[in-house]
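Multiple structures follow.
Same chain, two partners: chain A is paired with chain B first, then with chain C.
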Partner chain A sequence: MTPQAMMNLVSIAPEVLMTVFGLILVVLDVMTKGEKKSMVGYFGIAFMIITALISQPAIGGKYLGFGNMVMWDTFSYVFFVIFALAYTLTTLGSVEYLRDKGILKGEFYTIMFFSIIGMMFMVSAFDLTVFYVGLETMAISMYVLAGFNKKCAKSAESGVKYFIIGAFSSGMLLFGMTYVYGATGSMNYLEIAEALKNGAAENATVKIGLILMLAGFAFKISAVPFHMWAPDVYQGAPTPAAGFMTVAPKAAAFASLVRFVWIALEPVAGLWGTFFSILAVLTMFYGNLVALSQTNVKRMLAYSAISHAGYMMIGLVAMNKEGYQAIALYSLIYAFMNIGAFTLLGVLKNKGMVEDERLESFAGLAKKNPMYALGMLIFMFSLAGIPPLAGFIGKYMIFMAAMKAELYWLAVIGALNSALACYYYMRVTIYMYFNEPEYEVDATIGRSAFITSFIGAVVVLAVGFFPSAFISFVKHLLV
Partner chain B sequence: MLTLAHYLVLSAIIFSIGIAGVLIRRNLIVMFMSLELMLNAVNINLAAFSNYLQQMTGQIFIVFVMAVAAAEAAVGLALIISLFRNKQTINADEINTMRG
Partner chain C sequence: MEHILSILIFFPLAAALFLLVFFRGGKSTMWAAFAASVVEFIFTIPLMTNFDKTNGGMQFVEQTWWIKSLGIQYYLGVDGITILMIFLTTLLTMIAILGSFTYIQKRQKEFYIAMLVLETGMVGTFLALDFFLFYIFWEAMLIPMYLIIGVWGGKRRIYAAVKFFLYTLAGSVLMLLAIIALYYVHGQVTGEFTFDILKITSQYAAYSKGFQMLIFVVLFIGFAIKVPMFPVHTWLPDAHVEAPTAGSVILAGVLLKMGTYGMLRFCLPMTPYATITMMPYVAALSVIAIIYGALVAMVQKDIKKLVAYSSVSHMGFVTLGIYALNQAGIEGGILQMFNHGIITGALFLLIGLIYERTHTREIADYGGIAASVPLYATIFLIFTMGSIGLPSMGAFIGEFLVLVGAFEAFSDWAILAAIGVIFSAVYMLWMFQRVLYQSLNKKWENLADMNLREVIYIFPLLVIVFWVGLYPETFTSYIHESVKQLVEHMATAAVAMK
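This part shows the complex of A and B:
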């Protein structure tokens, strides 16, 4: 085999391995029955671990294959680990919820697994073609996950809304891509950067194309004013799927955005820098202010997911080494705390009420179910960014990256917003600890939900108390 | 003589019709058809640019776009059917159970 062919194979090996494993999962799904369907998910976890162990690149190693179309390096690897963790936590925590709703099916795990292959391609992409196909693999799987509970009107509604808006934003992204392609003559990130440097940036076609593309991206990361789908979709989707959707696709969109804007659009950094800093401010303020008035905790967490995208955008605008380390670190921490919170949310059941996730349902839980309340307290405090929990470390890294890039005003606005956000996260804990229950609620944590929330809480505490080890580990990986 | 500009104008018109259709029409099937229009405008653009630049990249991309559009159609129609079974309607104005 020629060295080039070898390089091609290495650059794409993790995705190929995952695809083979995904097909095995489909076969396993056919072979299991009824209650055993969760085995499909557990096999998926094993496959992810195998892939993660085999495909770790050397530190600083870059495997660029297929005519500079796919890149496998530590950045792709770290994000693969984040997706794998999101998958693992969701799978472990979802079994009881799915069994309860009568949707314990192998497809749930298989579709999540395949969506991760799409995300890996998005992050590894060095070419718009590969990026687009990865994006759609991810997005189409997500539409299915959102509408997974076919019998539930809300879930179906959420699926359809996600589909219409997702396809609409993909259309915009694609139309922008064609203009960029036409004006620069290439789909490759490096060649686009080259063409932009040589004067294509002045071209009106490129400008229209880039604006359309960035708007499409903004839809995918649910940045205000392109966010309107997010609350409905997250609220309607089955709770474990919603937890997965707020973490993995968002991390993938951010990672691919980092690749695309930092490499391909490097010569026009001023243009997208302004665009994203405005969006970051709008997203943080809007997400936090609207979350204040929510009485449904799931919807509140959906708005909180929007505001967290705003924080991550600060890291994107910073455009330095600290910036991408911070984005990776934030996604990693966010995976633990948000999936933990959603898992606990999925446990809560009202007796005879239509809506399960009302704020009043949390009243008095501390007395009745102290473990549940403690877990929720840890996740809420961490999401609010209160030291010494992991969420604080994530925000700290983001703001440090902004300081380093001399974007002091963005860091200040971010810090103000995390103070604002405390109110609605605290409100949940106040209901749990200080209010009397109005009606009966069942919050018995099953075994699988316990494992996920336990892992989440332990990691949140450990990272919060011993941040230096964790930070240096991520920095070591992402030189 | 047809030039690049003719194709670009055509595709821009089709794309605008698609966007307007998604935003204005309230029937989910019609909205879905408008989405397909948007993707087809993309294909016209790609073919035009591909010919103009004398490159194959754009034409190869068209195949991917068509494949993805087909996959999207399968999933989208399935979702619309599952919504119809739950609510007996495919009017976008009536799918508004979630507010806030």
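This part shows the complex of A and C:
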């Protein structure tokens, strides 16, 4: 084998491996029946672990193959681990929910699994075509997941809504790409950067193209004013799927965005820097202010997911390596706390009178179900960014990056927003701890939900006290 | 002795976990929590006796890396400024736990766990010498206190808990940014990126004037909310009134001191230029707090609210003393922090124990109860006098030193502050008269006097009040050297400024 062929193979090996495993999962799905369907998910976890162990790149190693189209390096690897964790946590925690709703099917796991292959391609892409194919693989899987509970009108609605808006934003992205391609003559990140450096940046066509592309990206990370789909989709989707969707696709979109703007758009940093700093401010304020007035906790978490995208965007605007490392760390921590919170949310059941996730359903849970309440308390305060919980470390790293880039005003806005956000997270704890129950609620944590929320809570606490391991995990990540 | 500070921080946490796992509420839990707090208090005794009073620097230092890649250390130490606060914290927690035995009727186990976790946070905040560590402890105190007010508080407890939480948080998130800014600027100046408080302090001369002002203002606001100073004091009356007795005791006794401690440790030495420039304005705010707090206290109908506003007034003395920036002022300020913790803590306990019997805190509902509870009346009278600042009791020494210091620095403000002392006599005596004297309200004829447990937990406070008043040297000797160093530090900074 020539060195070039070897390089090609290494650069794409993890994706190939994952695809093979994915196909095995499809076969496994056919071989299992009824209650055993969760085995598909557990096999998926095993496959992810194998892939993660095999494909870890050497520190600083960069494997760029297929004519600079696909890159496998620590950056891709770290984000792959984040996706794998999101998958693992969701799979472990979802069995009871899916069984209760009568949607315990193998597809749930295989679709999630394939969506991760799409995300991996998004992150490793060094070329817009590869990126786009990855994006669509992910997005189509997500549409299916959102509408997975097809007998429930809300879920079906959420799927369709997601599909229409997703298709629209993909179209916009694609349209922008054609402009960029037309003006720079290439789809490759490195060549686009070269063309922009040599004066193409002055070209109005490129500017229009880039703005359209960035708007397309903004849709994917649910940045205000491109966020309208997010609350409805997250609220309608089955709760475990919603947990997954707020974490993994967002991390993937952020990672690919970081890759794209850092490599391809480096010469026009002023353009996207301003664009995203405005979006970051809008996203934080809008997400938090609207979340304040929600009475449904699932919808509140959907808006909180929007505001978290705002914090992460600060890391992007900071334009230094601390910035994107902070994004990676934030995504990693966010996976644990948000999926944990969604898992606990999925456990909650009223006796059929009102929607399950109403704020009032949480009233008095601390007395009836202290473990549930304690878990939720940990997740809520972590999402709010109160030390010594993991969420604080994430926010802290973001602010550090912003301060290093001398973006004081943005850091101040971020800090004020995290104080503002505290109130709505606290409100859940107020209901749980300070109020008396209004109606009967069942919050018995089943075995699988317990495992996920327990892992989530332990990690949130452990990372809060000993963040070194997580920080050094993302430290070697370089675009 | 080597790891005494770590033990002090983590013993209550370990005890709380022990309680969580092995106890199921009820009497045994109370006693276990109390035993833990007694052991914790006993740990402070070797700390006090082995403390070298002639050394103004940090002692019992523990230093190791925590998050090395970010320059964050697990760095603890105690000096003259903090040692009395540690003593106060462990003493008041112990007393507050003993004082809650009958007051807390629901979810007892959780209450004592929250108290012990809170103690870890408080001790940690005073001992941390790493900015990041300090911030973690500072914020970590919020959650247990929020639960203590919110779960075991009075009627408007939720409002009070949320207000307390959000006020403090708003101040502290900005403080976090100031901390990060100091980290970067110190790193740029020395090439060493660290959160080490002592190292950041030692480079104060390298920070530009504009930067110092910015940092000072942000840190000051964060700490002023905690003190609380006028005009950010409005969370305090709500939190105090709604909190259960133990919560009020800890809040008034220890949490308020965090603010003034922060000023002493950070604002003054790290940004001396800004401190000296802003000194008169802070003095003005302090005097406003003294007089305003006293005037508002005068018209309160609720005893607890009255004492809460008196805290605003008394803490005004502390900040006035600190910003006088001389030996007498700062020493008086620290002593006054200690005294206020003891006296106000005792007053809240006394109010709490009578509330348990009568279920009212309205001054108008009482009258003449001295006849039915003579022992209570005597002790209450002593602490009332202590609060006013009667000679022979602690607060007199503190206020006297503060006023001496303030006269030296800004005599006009000091005169006004002295008037505040008179006001405090007015509201305290008037309240005392309406509650305990005048004609006996028939309802309270058979009121039970203090029982043995109540006498036991008040007694140490009684001793300390007179001890400070009659022989303050025992306590000031701890403070002396550290304050001297601080004053010298400020003086060199003032010279360098010119």
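Following the convention adopted for this analysis, the second predicted complex is superposed on the first by the 472 of 479 C-alpha atoms of A that agree within 3 Å, B and C clash if a C-alpha of one lies under 4 Å from a C-alpha of the other, contacts with A are read in each partner's own complex, and residues count from 1 in each chain.
As a working rule, contacts are C-beta pairs under 8 Å (C-beta built on N, C-alpha and C of every residue); 3 or more make two chains touch, one makes a residue touch a chain.
Only a predicted model underlies this, so the values are computations on that prediction, with no experimental measurement involved.
Once the two complexes are overlaid on the shared chain, A:A419 sits against chain C while remaining clear of chain B. By the touch criterion defined above, A:F175 lies against chain B but remains apart from chain C after alignment on the C-alpha atoms of chain A. In the superposition on chain A, A:F434 makes contact with chain C only, while chain B stays out of contact range. Contact with chain B, but none with chain C, is seen for A:R299 once the two complexes are overlaid on the shared chain. Contacts of A:F454 after superposition on the shared chain: neither chain B nor chain C is touched.
Applying the stated contact rule after C-alpha superposition, one finds that A:F381 touches chain C and leaves chain B untouched.
Looking at the shared chain after the overlay, A:Y132 reaches chain B, while chain C stays out of its contact range. In the superposition on chain A, the chain among chain B and chain C reaching more residues of chain A is B.
Residue overlap on chain A between the chain B contacts of one complex and the chain C contacts of the other is empty. Across the interface of their complex, chain B is touched by residues 128-129, 132-133, 136, 140, 143-144, 147, 150-154, 156-161, 163-164, 167-168, 171-172, 174-175, 177-179, 181-182, 185-187, 231-232, 235-236, 293-296, 299 of chain A. On chain B, the positions that touch chain A within their shared complex are 15, 18-19, 22, 28, 31-32, 35, 38-39, 41-42, 45-46, 48-49, 52-53, 55, 57-58, 60-61, 64-65, 68, 71-72, 75-76, 79-80, 82-83, 85-87, 92, 95, 97-98, 100. Chain contact summary for the complex, chain A toward chain C: residues 367, 381, 386-388, 392, 396, 399-400, 403-404, 408, 411-412, 415-416, 418-419, 422-423, 426, 430, 433-435, 467-468, 471-472, 475. Chain C meets chain A in the complex at residues 66-70, 107, 135-136, 139-140, 142-143, 146-147, 150-151, 157-158, 161-162, 165-166, 169-170, 173-174, 176-177, 180-181, 184.
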